[in-house]
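Each structure below appears as structure tokens.
Here come two complexes built around chain A, the first alongside chain B, the second alongside chain C.
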Partner chain A sequence: MAAERTRSAQMLRWLRRGSGLGGCLALWCILSYGGIVSPGFLPSPSGIVERFIELAENGYANSSLWQHIFDSVYRTLAGFVLGVAAGTPTGLLLGYCRRFDESVGPIFSFLRPIPPIAYTPLFVLYLGIGDASKIVLIFIGAFLYMLLSAQAGVRNVPEVLVRAGRNAGLGGAGLFVRVIVPGSLPGIMTGARTALSVSWALVVAAELIAAQAGLGYMVSSAGVFFDIRTLFVGIILIGIVGLILDRTILMIERKLLHWQGR
Partner chain B sequence: MLMTAANAMGGSATPPVIDIAGVQKRYGHVVALADVSFSVARSEVVAIVGPSGCGKSTLLNIIAGFDEPTDGTVLVHGAPIVAPGPERSVVFQQPALFPWLNVRRNIVFGFSRARAARQSARVDEFIDIMGLRGFEASYPYQLSGGMMQRVSIARALIRDPEVLLMDEPFGALDAQTRLTMQELLHDVWARYAPTIVFITHDVDEAVFVSDRILVMSARPGLIRDVVEVPLKRPRSYELIMSEAFVDIKRRVLAELHA
Partner chain C sequence: MNKLNVNGITSVLALIGLIAATGAHGAASGPSSAAASAPAPLTLNVGYTKGGSALKWFVAQEKGFFTERGLHVNAIGFTGGIAAATALKAGSVDINLTAATGVATALSAGVDIKTFYASYDESAADWLVARKDSSITGIQNLKGATIGTSRGSTAWVCVMSMLKAEGLVGKVDVKDIKAQAWVAAMESRSLDAIQGWPPAAQQIVQSLGGRKIADCSSYARETIIWEAPAEVLTAKKHAVLVWIAAMEKAGKWISENPSEAAAIWSKYSGVPAKDAASALPYIEWLSVKDMLDPKHPSNMVNPDGLAKQYATYRSILDEGKIFPAALPDLARSIDPSLISEYQGHR
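Moving on to the complex of A and B:
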């Protein structure tokens, strides 16, 4: 009885979830197959699937479609991982060590309001239009974001836990490792999730500006050549990859923070 | 000089473990403690009762070394407090468990790996006494408020601290468990006689566990009166019906209402 009820409840939930997407798809079909909007403006679903298969078979601009996807993902993850690895400890120290914050903090207060995308032309000048300029750009974006989140994470460790740690005889490095770091983990993980989606947005934007491969490049070049179907395929792929990246980091967050009981 | 200090303590020859003189604590314009002086002898159990906001937790935090008084001196074993430490173990008013550690690891928090291994049988013993059997591997979010408080108490007791500072430790517990905990406190005291400062709202509890009760008043936070509790140990729960017990309780209540 109870199992049946939960199963039907689950089915209802899936139906509700599907109804929004299904509605959009239906509207799209009506608009394009009904001839209301010209295919040069809004391609039909089947047209996009056809174009996708073509791209998967023949590639785009001297690179396979997979290569374009791989390039964008590689740049994102390389910059993101480096940014997290450097930004998290720096932010933790900034939050924990007042003297460190006083001496180094102002540098970051100055850098913080500069949107990283503004550096793109500079890095292209320094490092060319290949991987390096994008990775450094994303590194900076992720680094600054993680720095902020880790610093805020330290501030959000409940005072009573710090006291409990000190009461157990911890101080300095011991308190940092056993109370401050794990206590900041929720803030760090929330930050990492946002930093990853920011990184993905940054890579696409940077590729739009200057690149010879990557999904952003594909979209921008398709736009130049009025290749509206490739443009749509590119945008949809950017969305799907972004979703996969987000789900992956969400899974890692759930694993690491299982003790939050969410 | 030494003799007069000892005389002021009521003739006892051992110097006080905790010695508080003229302590004041202000938070901006709020005077949390106005002028508090008292001392606690070795192995003495002192209870502090008083209305909410009269500065009980503030006082305990100062003894623990988390806060500094605005004025006055606080000595532990004759020396000023430098930092908090495990020899002055605190049970906080709200459960202060580390949410990323399970019950067992919370209890042995601060122990080295070797010490935790050596004490493992005692940890089991505490888990049984605290009624936490079956929850050793649970995380704080899986516990009720009272269970969390019992873990906090276990963590404070397992360190065998010289001084126990307890801030309404049994407040979140049901009447039955509360009784068990009060008896446990007596057991702990009988085993190695720690010095205990015990804050409570419950006058019965104060009389049952302590040798002396400090009655505080609010605004400004002051010690209004000190009531001695000359009841023999070991004490059992039948005691609370006795004439002597009720007498002491009446005096404390009268001070609280005055």
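Moving on to the complex of A and C:
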């Protein structure tokens, strides 16, 4: 009985989840197949599937579709991992050590409002047109997000935990490693999730100027030549890959923070 | 450079005045209806690509050649083809400065586009510029080189035509680099050379010490044109004729005042005036007379002019698979009727 109730509740949940997507798809079909919007502005779902198959078979601009996807994912993950690796410890230190925050904090406060994309011409100048300039751009975005999240994570560690640690004889490095870092993890993981989304958005922007492949490159190039169907395929792929990346980090978060019941 | 002869502008204005006076726009005679049909102000929404060499238009705007004819121009700057093509399709832009690729984009977007005016030929100003420390001294050294240019642009068509003509297809790596990254890409040594349009190409030579290797005039002519949807040319014919008169005056003014023209170009494009001045002598500003001269390579009246250029572009763009489907005949967009009418009334 209880199992049946759970199953039907689950089904209802899936139905609710699907209704939004289904509604959008239905509206899209009405607008395109009904001839309300011209295919030049809004291609039909079947037109996009057709174009996807063509791209999967023949590629786009001398690169296979998989190469475009791989290049974007590779740049994103490389920049994101480096950003997390550098931003998390720096943010933890900023949050834990007031003197360190006072001396270097203003630099990051100055850098934070600058959109990383503004650095693009500079990075092309310093690092060339290859992957390095794009990865560094993504690194900057991810680094600044991680920094802020880790710093906030430290400040949100419950005072009671810090006192308990001190009462247990911990101090300095011991307190930092055994209380502050684990206590900051929820904030760090939330930051990582946001940083990954930002990295994915940045790769698309980074590929607009001097890339030879990548989903951002594909979308921008298709846009220039009014290749609307390719544009839609690119946008949908960007959404799907972005969703996969988000779900992946959510899964990691759940594993790491199981003790939080997330 | 072709000398412009536009001393008949006043005749066009007289014609326009005559049209207005005789009520050619449907005004009935009589004092009350004359007051009711006071001519609406002429307006045109004009699209252009930012950073390009729309100098004739910049000059006409800056020197007030439009306003002195009672024409109000709204300028709309674009960074890419889709925005311009969409704006043309949506009716937000009446006329747009572009090249054969832009015509192909508009036709692909389903716009019944017309090429109604040829502004200038920049093939002699579109240069292949090698990095100052590269070993490239001529086209013969290009084998194995990496050249950057914006894919699908006039400069790209030029590179492809050059490689084809010199038997270098597949032996040179042509990278897609947008104009805003040309200087940075050259400085970072990621490229051996850039194929660039004016004034960016001249800027690379002047500021970075780049070496000019070749220009496009021997490979692909690059006539920059004005396009408009067919219905705009009918509905706003009066305004477009006034606009043509102002553009003709601007062309003549540029030839007579090159240094001031370079300063205006610099103001509108952001390129230093000395670089703009160095590009000017290589650009051929076209007049209506050139466009109607069957012997001129950019003429709009026979198959040896603009139509031939469009055929070359179509074939190169199709070979490069720039558009998802094979392009239609671009030459079908060429419509010299308005420039003929303008010339006939001079």
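Everything below uses one rule, namely that the second predicted complex is superposed on the first by the 262 of 262 C-alpha atoms of A that agree within 3 Å, B and C clash if a C-alpha of one lies under 4 Å from a C-alpha of the other, contacts with A are read in each partner's own complex, and residues count from 1 in each chain.
Keep this in mind: contacts are C-beta pairs under 8 Å (C-beta built on N, C-alpha and C of every residue); 3 or more make two chains touch, one makes a residue touch a chain.
Since the model is a prediction, treat every value here as computed from it, not as a measurement.
When both complexes are overlaid on chain A, the residue A:171 reaches chain B alone and has no touch with chain C. Once the two complexes are overlaid on the shared chain, A:224 sits against chain C while remaining clear of chain B. In the superposed pair of complexes, A:179 makes contact with chain B only, with no contact to chain C. By the touch criterion defined above, A:160 lies against chain B but remains apart from chain C after alignment on the C-alpha atoms of chain A. When the two structures are aligned on the shared chain, A:260 is found in touch with chain B, with no touch to chain C. Comparing chain B with chain C, the partner in contact with more residues of chain A is C.
Within chain A, not a single residue is touched by chain B in the first complex and by chain C in the second.
Residues 38, 40, 51, 54, 61, 120-122, 124-130, 208-212, 217, 220-221, 223-227, 229-231 of chain A are the ones touching chain C in the complex.
Chain C meets chain A in the complex at residues 80-82, 85-86, 89, 101, 104-106, 108-110, 148, 151-152, 175-178, 180-181, 183-185, 187-191, 321-324. Listed in rising order, the residues of chain A touching chain B in the complex are 158, 160-161, 163-171, 179, 182-183, 185, 258-261.
By the touch criterion stated above, chain B contacts chain A in their complex at residues 64-66, 83-86, 88-90, 92, 94, 96-101, 109-110, 139-142.
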